[in-house]
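Order as written gives the chain letters A, B, C and D; numbering starts at 1 within each chain.
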Amino acid sequence: MVRSAIASATLALALGVGLPAAQAQEKVVTIGAHMPLTGSLARSGQTFNEGMQVALRMCNAASPKVQVKVDVIDDESTPAKAVSAVEKLASSGSVAIIGGYGSNIVGPASDASDKLGKVYITAGAVSDELTQRGLKTFFRINNNAGYQKGIATLLIDLKPQAVSIIASTKEAPTLLAQGLEKDLAAKGIKVTVHKFDPAITDFKPIINKIKLQDKPDIIMMSAYENDYVGIIRAAKVLKPQVKLMVGTWSLATPKMYTEFPDLMNNVVGTSFLPFPVEVKSEEGRKFAAAYQDMYKKEIEYLATLSFVETTLLCEAIQRAAEAGTLDKGGLADEMRKTDRDTMLGRVQFDQTGDNPNFALSMGQHREGKIVLVSPKAAATGDIAYPAVPW
Amino acid sequence: MSDTASSRLLSGRSLAMAGGLVVVGLLPLAAGASPYMLGLLISSLILAGLGLSWALLGNLGGMVSFGHAAFFGVGSYASALLAAKLGVPVLLAIPLAGGVATLSSLAMLPALRLSGPYFALAILAYAQIFRILATEASWLTGGAAGLQRFPGLPTVFGFNFAERHGSYVLVLGMVVLCALIYVVIRRSYVGIALRAIAESEDATRVVGVNSTLLKTWMLMLSAFIAGMFGALNAHIIGFLEPDYAFSGIWSVMPIIGAVFGGYRSVIGPVFGAVVIYMFDQVIAKSLIPVGHQILLGIVLAGMVLLAPNGLAGLVGRIFSRTGGKHHARA
Amino acid sequence: MLETRNLSAGYGAITVLWDVNLKFRSGALTAIVGPNGAGKTTLLRALTGLIPHTGAILLDGAPLKGKTWDLAAQGVVMVPEGRLVFRDMTVEENLCLGAYPERCRGDLSANLERMYSFFPRLKERRSQLAGSLSGGEAQMVAMGRGLMAQPRILLIDEPSLGLAPVIVNEVFDIIRRLKAEGTTIVLIEQNTRIALSVADDVHLIRTGKVVMSEPAASVDLDRLHDLYFAREGQGA
Amino acid sequence: MTELILQALFSGVLIGSVYALVALGLALAFGAMRIINLAHGELVLLAAYMAYLVESRTGLEPYAAIPLALAVVSAVSIALFMLVNMIRDHRELNSLILTFAIGIILTNAILLAFASDMRTTTSAFLQDAVSFGDVYAMRGEIIAFALSLVLMGLLWWWLKASWYGRAVRAVSSNRGAAMLMGINPTRIETVSFLVAGALASFAGVALYTMSVVQPAVGHALTVKAFIITVLAGVGSIPGVFLGAVLLGVTEALTVTLASSALQELAGMVLFLMVLFLMPNGLFGARARRG
């Protein structure tokens, strides 16, 4: 009994050793990823995951010599579990980690990753503090400044007298609201910020305050998906005399329009791509096609973010693997050499790992289409202004 | 307390239990557990400590709390702020944070008059209020953006607590220490009175036990322990924000662990928290990657239905069936 | 006719009532007297199935079937002490609940009117919460509620407890009237004098055992009191 | 300013009426069985997802889902009752934990079945604005409010005038005495869990038409319902309605007069103050201490 077990184990070992030898020219590299697949941020995590999978498929097809595969772990939006995930991924051979969503998760997870000497890249954490820690292996493609710049550019171009910001007390929306308040006030625009607890469901009292007291030209929503629906619904009921509703993440997406056609028309949010997709670049077209093929839906903003970060990481891995520095800690250096046009525009990484070029386009829902309206260079159409969903 | 009294309270058996706990606890180190495993174990031990603090209040005070996140969160913030803003050494900041959590528990004294679910949910309300206050007091706590630049665990005499093995030993030591404190109180005259209160409040009022005072002490002690584990966790994780520090997880997981292990015994909450957390993270998560808490719910419901005294009760029953009767009341 | 054979009952491991054999004649008023803690209420609780028992309880020679809530349908109705009214329901709602067994639901308003003729004071207070009544009124509600179930056998628990003497007399006038109407009544009472004044049969229970059973007419009050108070210290 | 306050009051009353439906179910089950059903919010959520299912699959208005919601939620309620009934003689804690565990199971079952996307009605009819002078509401909210009033009226009548309803109150008031009156308490408890489930079904569908649901909101609903029962005190439907409206109005006025970030805080502080200072609740008849 024991002997046969040993025999079969030996056999398996021999075969296992034999296999890679047979396919010597194909090197398989594993990376890890931790995402919130459950909890309130689960939808973001799922979309991240989809973009990532498409990126790997395309990257592997483009460079068959080095195949990159990914292990994904649910971090349940808790820091300790994200740290555990990083450690588990590192111990099971991942050469790099793709990070999750939220600075509170990414902070500790990237710390752990740094201690283990693994490259960590994220597209879901915008806090400035993250890049002030002096980590050598930390990279991110987007940051608060970029969002702020994208939205501020649009708002300042429209020359409103007054803007009301409705901001969730969650981390990223708060940071964005603070930054925008400063930018807009510097241009002489009157800004009022209304912070709200994410547990809120009825936004009529806030909207009514804005309608009767602030009387702004534009309402800016620094919040998440379910908040947008509540806010726009309340605005639709109370009909404040505003000229535009603007939001941020996950707002200017085809999905929002399909689900809430009555609420979304003329609303503006951050976006990279118009819809239907008219991507100028070859890469963008391929991405859209592959995404449609794998998930039977239109690409979304978060999927694009994770597509870009994964593509950059994957290419750096392939470069390092071919140069033979992958096992010698050369990946971080390869990452730092990144300089490439992506669907987010040009991406480079500075000494802190941040992408200084990051800035956002703004897209407007228009009868089921999304038109890029700002900045001028990226625009695919003129903004409808004044225009509201009601 | 005289020497004889303390030796009676800390009997050979409880010291043996503590020793056993340390030995069992050190096994993963001896076995060369990966940082990943150690990380999971550290998280589970933090829940174990929190579970002890919860069971102390539940078992001795007869008060079920649904809001231990309140103390945990106050402890985390207090320690991080003391270390970052006042430069207090981390190992000193941790017990001080326990003290701050104790102070915060004084705000809950009016709740001691309440019974059953009313007390449970009043504490939950406190946890929510503290969370909102931490979000609003951004001048102190950094608000929603959180705190991330505060010192981690230090290196003492060349022993690095910040590194996984070191943190593990520190957290394990804290859990054993708290378990011993719990044992001492349980065995003391006070503990006997307290358990009598938990059984029937009216009866002991007649006997002349000042139950409100004793309950107050238990609430404060429970808050102290919970606050210390919150502080430990903060320094290990290195990031704090209100939603995390006061998360419902810190209220719920210790209850699940304590009920699973058996909240009436000392060892139950520790054992339960470790087993249930490892089960959830290692087994359940690999079976159902998304929504694995459903297994946690099923295990918990099954436990309450089939073995209401938890694992400890179950083990006790098996022991008593095989003859070792005195184990049944462990 | 209701009867117990070797009825023992208690709480958990503690037996309070030992081998009680009693017969309650139809149409008669049987009083069970005894000092506080003798087991009178335990007897009632066992009879109504609120606590488990050994031995037998027979109704018309057949074992009494079912749980507590099945008794009312069979005409065995208990009037608990007045504190056990539904305090946050009105007087009339309390009375209505007495008619809960399906056989009594028929003519609810006529039934109610009958109760109000028994207890005119309750008619004045019909929409008042039972919890706000005086002790005597609450006792009347409890009795009226029991009568709404149109009992064949009415078990009454300590109707005089905590009531002023005037009210006690009033309550017992009603008991007399019920008896005159032919209802079989089992009366649990601490107050021997007043119990004797209405009873047909008397049983004395002490320390869980029946120590005397006699027709009320032949009971000598002094002898009863001797039995009642003998070694009371142990009886408690 | 008056306009602001009027709108806040109005919004508060509308949302409060739906809170009241959620709270009534919790209070009813608590009254009969003395157990806080910590899975009650999840029952409401389950009904909301049934509304989503029907609306997204058939394109009908969400209220068409009520038969389905009633069937599913009743089945779950009965299963829940049978489990809780198994351990009724244990300590209070165990039944709290059990219902809590069932809540976890339901939340995750919903997550597995419907994913974590937020859901809310897409009906143009229900989302339309209606105005009464200076105050505005969504049509769905007005319908939910009316529905809530009707249901509360029906429930009030049922508890007052039907045999089962009276029996439910009798069991809540004094279980032992109720048994002596010929009331089978287990059957009455089953009935009250069923009625609580029915209320949860309506509440869930109403919630879906006026607010956004996600698998994680069940727990928050339970807490809110509990707060309302504390505000109301035990045992009166008008009390629960007033308590719910008070909570809704307090939240809305906090947003209007102070900051929207403090909305939750105001609710919690109100809860604690009533709990500590008015042991019988604002409108209740009975003490809860001891």
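Assume a contact is a pair of C-beta atoms (placed from the backbone, for glycine too) under 8 Å apart; a residue touches a chain by one contact, two chains touch by 3 or more.
These numbers were taken from a predicted model, which means no experiment stands behind them.
Fewest steps needed to get from chain B to chain C, stepping only to touching chains, is 2. Chain D has the C-alpha centroid lying closest to the overall centroid of all protein C-alpha atoms shown.
Compared on C-beta pairs in contact, C-D and A-D come out with A-D as the pair having more.
Distance between chain C and chain D, defined via averaged C-alpha coordinates, is recorded as 42 Å. In terms of their C-alpha centroids, the spacing between chain A and chain B amounts to 37 Å. Taking each chain's centre as the average of its CA atoms, chain A and chain C sit 76 Å apart. Touching of two or more other chains is recorded for no residue of chain C. Annotation for chain D: residues 111, 261-262, 264 touch two or more other chains. Multi-chain contact residues of chain A, defined as those touching 2 or more other chains: 38, 42, 169, 197.
Of all possible chain pairs, the ones that touch are A-B, A-D, B-D, C-D. Listing the residues of chain D that touch chain B in their complex gives 36, 83, 86-87, 90, 92-94, 96-98, 100-105, 107-109, 111-112, 219, 223, 226-227, 230, 261-262, 264-265, 268-269, 271-272, 275-276, 288-290.
Chain A meets chain B in the complex at residues 37-38, 42, 73-74, 78-81, 83-84, 87-88, 90-91, 103-104, 107-108, 111-112, 116, 127, 129-130, 132-133, 169-171, 174-175, 197.
Across the complex, chain D meets chain C through its residues 160, 163, 166-167, 169-170, 173-174, 176-185, 235, 285-286. Here chain B touches chain A in the complex through residues 34-36, 39-40, 43, 132, 135, 143-146, 148-149, 233, 237-241, 243-244, 247, 249, 281, 285, 289-293, going by the rule given at the top.
By the touch criterion given at the top, residues 3-4, 7-8, 11, 15, 111, 115-118, 120, 122, 124, 127, 129, 136-138, 211-212, 214, 216, 220, 251-253, 255-256, 259-264 of chain D touch chain A in their complex.
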